[in-house]
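Per-chain numbering from 1; labels A, B, C and D assigned in written order.
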Amino acid sequence: MPAGMLALLVNLEDVPIMPKVSSQPETSDLAVPATAPTRIERFKARLPQVQGILRQQSTLIALFVVVLFSFIRYDNFDTITIYSMLNFNAQFGLIALGMTFVIMTGGIDLSVGGIAALASVVAALASPHGFFYALIAAIIAGTLVGIVNGFIVGWMRIPPFIATLATLYIVRGVALKLINNAASIDLDQKSDFTTIAGTTLGNGIFNPPIPLTIPLLVIAFLIGIFVLRYTRFGRYVLAIGGNPEAAKLMGLPVKRTLFWVYTLSGALSGLVGVLLAINLNGGSATEGNGWELIAIAATVVGGTLLTGGVGSVFGTLVGTILLGTIVEILQLENNYTLDHGGGLYLNSFWQDVIRGVFLLIVVLLQSRFQQKRARKVT
Amino acid sequence: MQENDILLQMEHITKRFSGSVALSDASIHVARGEVHALIGENGAGKSTLIKVLTGVYRYDEGTIFFDGQTRAFQSPQQAQREGISTIYQEINLVPFRSVTENIFLGREIFRWGLLNWRKMHIEARALLERLHISLDVTKPLNTYNIATQQMVAIARAISFKSKLVIMDEPTSSLNEDEVATLFGVIRQLKEEGVATIFVSHRLDELYAICDGITILRDGSTVDERPINTITRLELVAKMLGKDLGSVQKSGLTSFDASRHRASEEVLLDVTGLRAGRKLQNASLSVHVGEIVGLAGLLGSGRSEVARAIFGADSLDAGTVAVNGKEVHFRRPEDGILASIGFCSEDRKIDGIIPDLSVRENLTLAALPTLTRYGIVDRKQQEEIVDHFIQRLGIKTAGPEQKIRELSGGNQQKVLLARWLCLNPRLLLLDEPTRGIDVGAKSEIQKLVEELAEGGMGVLLISSELEEIIEGSDQVVVLRDGITVAKLPREGLTQDAILTAMAHGEAHSDAGENV
Amino acid sequence: GGGGSSSNNTGSSSNPSCTPGSNTKLVKISKAHKIAWSQNALDGAWRFAEEASIEQQAQQHGYQLLKANANNSDVQQVQDIETLINDRPDVLLVDPHTEDAEAKAILDARKACIPVIVVDRDVNESLATPGRDFATFIGSDFNKQGQLAADALIESLGGPSTKATIVELSGTTGSSPAILRGGGFDGELASKAPGIKIVAEQTANFARATGQQVMSTLIQQYPNIKGVFAHNDEMAIGAITALKASGKHPGSDIKVVSIDGTKDAVNLVLSGEEYAVVQSNPRLGPLVFQTLDQYLKGQDLPAWVVQQDKVFKKADGSAAAYLPDAF
Amino acid sequence: MIRLEQRLTAFKTRNLRNIGQDYGALIALVVLILFNLIFTRQFNSVIAITDLLVHVTPTLILGVGMTLVIATGGIDISVGSIMGLTGILTYLIFSGKLFGIQNIVLGTAVAIPIALAVAALIGAFNGLLVTRFKVQPIVATLIALIIVRGVAEVTVNGFQFAFLSAPIVSWLSGNVLGFLPKQVILMSVIVAIFAWLMHATSFSRYLLAAGGNQSAARLAGVPVNRILIIVYTLSGLLAGVAGLAFIAFDSAANPVSDGLGRELDAIAAVAVGGTPLTGGRATIMGTVVGAIFIQLIRQTVVALNVPDNIASVIIGVLIVLAVFLQRQRQA
């Protein structure tokens, strides 16, 4: 992405301001008669935002570093690899997008992986009618589950963690039932599903051409960013996460907003189900275990607080890609070791450890930003 | 008032909670453009009545008649839509969001279907100008102090084009100037024909701004009439349910500093305190048995002084000495161990543990003294709790009621008791009587006095000057985190303090400047 | 980097018969050096034995082995295979998680001129055909294993004519071994001994603890069952513990048969508590690399190189004989 | 006089509230038991009941620790992984693979304390992240979840180890008085201790205060950070105990699958039991009821031979309903 574009995105962001700020009261110039703030004052006032943007970009910078490193070190860190990596992580990205909104309301959605699996099954079942039927069917399926989540959380006032854990069980059961206990089901090979799925962008211009999932991912996040910044819904989401009780007393439609947030998450998971069906060339009822954790990790790395009220959609995109790249690197490194020797060969178990340690480092770095601001105990 | 211009009419409202009956046969009538006072002691049911009206609570019996038809609002949202905008007792805004957002949440301004931030910022500024406040509206609300937050809440409330504005103790955290501004605004509203329900425990305010008054006692309306037809004494008598004779001259406090004598022994000595942006150079000392008043404008850093002494904030510079020897508290535990108590200013954020019972909240700080081998001595605990419920007349269904279910003022009493039951040598009180009714107030003031007689040192932060003047043996004045004056009680006057607060030098020749 | 291109060369030079991107006939190569191995999961004794056997054999034949583990996720395995293809190995070994999901990835490998050998679990051959899209499938016949188990259980219960009720502990719902073994068993039972009825079939996820848990409930519900068939040894071991806990005497009043051939299970057979264990040999390494050699020599391979599995009982001493190399 | 009235109302409200706390879960459990008595052969023998308790043991032990953590407003999703690690660690030590202790009894005697210590350390580390570094609990413990599981796998390169005849197995899976499994006793003791702890000690008050309003608790002199670290340490320790109970019961240690996903069961048990996930309140007994409830559902669907897929739908629905009942009581 061009730097300008980036800056734009970043500035459009709802820059997270760590809650610690709260205990750093400004001297209110109440006594002073109203005067417009001077330029310096304005700059001072903007400082937290500036810092926020820097923090944003610190994740970005991390990403650039990692990517640069890979380019230099690995021969086959080429467009093909990058595309396939992005294509793969697009699934997590879209789920994390929904999760980000959920988390900004102070909630969580454990059912995303299950929904994606269910949707992939639905897509496969609907594939004989053609790609677009399958697409719609899958998204509807996901949305329906999201609606159930939204209802249980919003109206039955059941904690999101439990509500979505329960629907996770339910969804898995339903998915298996739909294809009576076969793990997976084929796409109808005669339908246009596979052909459309295989479609790529800019054939001839780019080589290799860009898989559709990548623009899809970018567009989805652009929409997400604008929704958060420029729609009433986005503001409600943040307000509810920031102080549910106040939101209610301010007359915000808390239940309805929660409802829509989970519905959105469900819908996106449904969409991911289609990507899943494309990648598996069929539906799988058992797929998507632990995806919610991947999504949460990406969201956190992106700088969204799980306590709600503060969040960054763009950060989530960066977080997703960063984590994805790390995983990719571990595999590339193994190959490097075989080809050149002198590298670091890690089996899959070590790779888990490294992933965890990396996450730890990122989180610790983030906490340092907060520490700087935290003076008071309260 | 004639029937035609009646705006709100609540009749025979009853509201029961699991623990208690909050309202029984309460009623109130408000005419269009009227400023109506709602008063009653802590726990009388004022806030509940308001929440019943705005649909936060369902009521059990009664009828509500608003703007020409009987209504039962299902949610605050609906009430707002129908033209009732409310400032609830505790500040209820979203801390992490910008001032602008907090003002416009729920009725944002759009351009081409997208939020129009520029316009909203401009209008937000304009609204606050109206309240004589200029601040950066793009910053998160919680970067400003309570008073400012309160003003933002007010700005939000008045910016709705509503028929009725309800203000539940809006002034409890404001000082004179801001109250004056607020009254200005209320009068404007009045001219626009907007009615106001105004809740406050400060009688002068009621007489200054209100037309009619409704007096609640134990959940029922005991009197309702034009305010100019009732004297303060009657009012207080009605409110407390006592006969005129037994009610002493209200408004002024029941402090009588001459009663107790500060000894020469220095208990606390603070010099050159610096912490963060807010404390620049604060110094003060408290003698055994002395009440030291700490005065200053909002944001002058009074709370910070207290917090710093207590060990809640880390010091950048300066020394704190207790009984002559220097101490370095790093956390509140240290302060408590040195038998210092700190009753914080912000009840909701720094005070109550909402889900714990009155008993547990009251004895939280005292637990170490109530436990042997980590096991709590329940009997002793309950004795203490009963004692203080009695002593401060805390209105509660019982020691096991959750504190979140208590009225604001009663919560405040529990928090006071939390520290009193430690009987500390030094007590730091940050706005101790905020939101407390006149009856309870004098109770508490008497108590503080007694404790001082018993040799306890008290640092009293208050925005009410009478309290400071009548209560303290010495007044320390802060300005922008700097001690600008130390005024002895002899020849202590309102304007001595006021000038010191505003300009930083006390023109009373008695006062020694620093 | 030079290394990259070098491995690249080994790739292209070794199979002039194939131009990348074309999807003509099966890729032919003559020599191999770097082998990629896509494992679908490493979560139990069986898989570890398989993994070890592949590693050890690869080493013995002097190949470089590039490994990936998909942790029971199809989409992860597809991604693994894509990544491995990009690492340009000379041969790709795949132990697919399910029948269908990995087929497409295997075709991609073929397009990239990398010959594929499918190991342990087959792919849906209507999507990818052996001898054309991939060299061959090497592995056991799960269906057969089910049949063998059925035969053993029928025998233990006293022949085809007996009337009895049994329960079936099935593997992870939807996994191909669970489906095929179940199918084979049920079919065989129905045809050979209609008198034996399966009163309950419950999944225990191939796990010992779950097997224990499920069995201890089932035995209360169906106190007078005569036999238990578990899709793998782990579940059988759990079941036997549960049966003993509930006062039964597995071996005498209840007969247990399971599939795999782990040490624990074979020991139980020897102690008489389990009647028979049908082998499902995880040590596919030797067969795989021997087949690979034939392939490199240009010999044409059968569509399915079947791993022959035995049945181990106490009576005929087969169990005792097998114990030393049980895994 | 007024005094007396106060006491009376106080008494009433107290009981109302306490009942309110467990009511929902209890009803649900009773209903489920009745259902079983009618439609299944559950509970047709002492064995059947002890069997239920044996199977609930790991989840319940985790649940106890989880209750404390959740009461502080946090959550600990690393417990499953900790179970896995302690299991494999214990095995490595008593089998002599780690310290070369050949005598298996001695080895076990050494293994158990070490394994538990490690578990507690991991918990303490979680606590440190949460307090010192202000990492949100779910993130902190997510990291632990990943790393600890990874380490468990790495230490033995993933291999599973079976030991049908190890002292730990016979010790823990044996019976007392012929019918009371030792595990159940262990579990009961733990539950009793913590129920008492939450009832009588100042620690529990501090814990709830920290969960209810942290900044207020700090200003009231509650050593919030210390409390939190202790709580996470306890959670880790209990996870270790659960891990031991599990391998004893399983007579095998599998670094990949042992304890996988158990944290979810534990959390569900806590929620069903009536401890709000927002912190500030806790009921150990509720968690007991919740854990048994969930385990009993599992066994019921098996007893009725309900197919896997339907079963998980049923479980999901019942959990929601149970928690919903709970909520009604509280409101």
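Criterion: contacts are C-beta pairs under 8 Å (C-beta built on N, C-alpha and C of every residue); 3 or more make two chains touch, one makes a residue touch a chain.
Each chain and its UniProt protein: A, D = Sugar ABC transporter permease; B = Sugar ABC transporter ATP-binding protein.
No experiment lies behind these values; they were computed from the predicted model shown.
If you compare A-D with C-D, the chain pair joined by more contacting C-beta pairs is A-D.
Rounded to a whole number, the gap between the C-alpha centres of subunit A and subunit D is 31 angstrom. If each chain is reduced to the centroid of its CA atoms, subunit B and subunit C end up 73 Å from each other. Subunit A and subunit C have Cα centroids separated by 36 Å.
For subunit C, residues touching at least two other chains, in rising order: 42, 173.
Residue positions of subunit B touching 2 or more other chains, listed in rising order: 312, 331-332, 349-350.
Touching of two or more other chains is recorded for residues 153, 157-158, 215, 218-219, 308-309 of subunit D. Listed by chain label, the pairs that touch are A-B, A-C, A-D, B-D, C-D. Residues of subunit C that touch subunit A in their complex: 1, 3-7, 34, 42, 64, 66-69, 71-75, 78-80, 82-83, 86-88, 98-101, 103-104, 124, 127, 172-176, 179. Looking at the complex, you find that subunit D touches subunit A at residues 75, 129, 133-136, 138-140, 142-147, 149-151, 153-154, 157-158, 215, 218-219, 264, 267-268, 271-272, 276-278, 307-313, 315-317, 319-320, 323-324, 327, 331. Listing the residues of subunit A that touch subunit B in their complex gives 17, 19, 21-37, 41-42, 45-46, 48-49, 226, 229-232, 235-236, 238-239, 242-243, 245-253, 309-310, 375-378. Note for the complex: subunit D touches subunit C at residues 40-42, 44-45, 47-48, 51, 55, 153, 157-160, 162, 164, 246, 249-252, 254, 256-257, 298-299, 302-305, 308-309. Contact residues of subunit A toward subunit D in the complex are 23, 108, 110, 152, 156-159, 161-163, 165-170, 172-177, 181, 293, 296-297, 300, 305-307, 347, 349-357, 359-360, 363-364, 367, 370-371, 374, 377-378.
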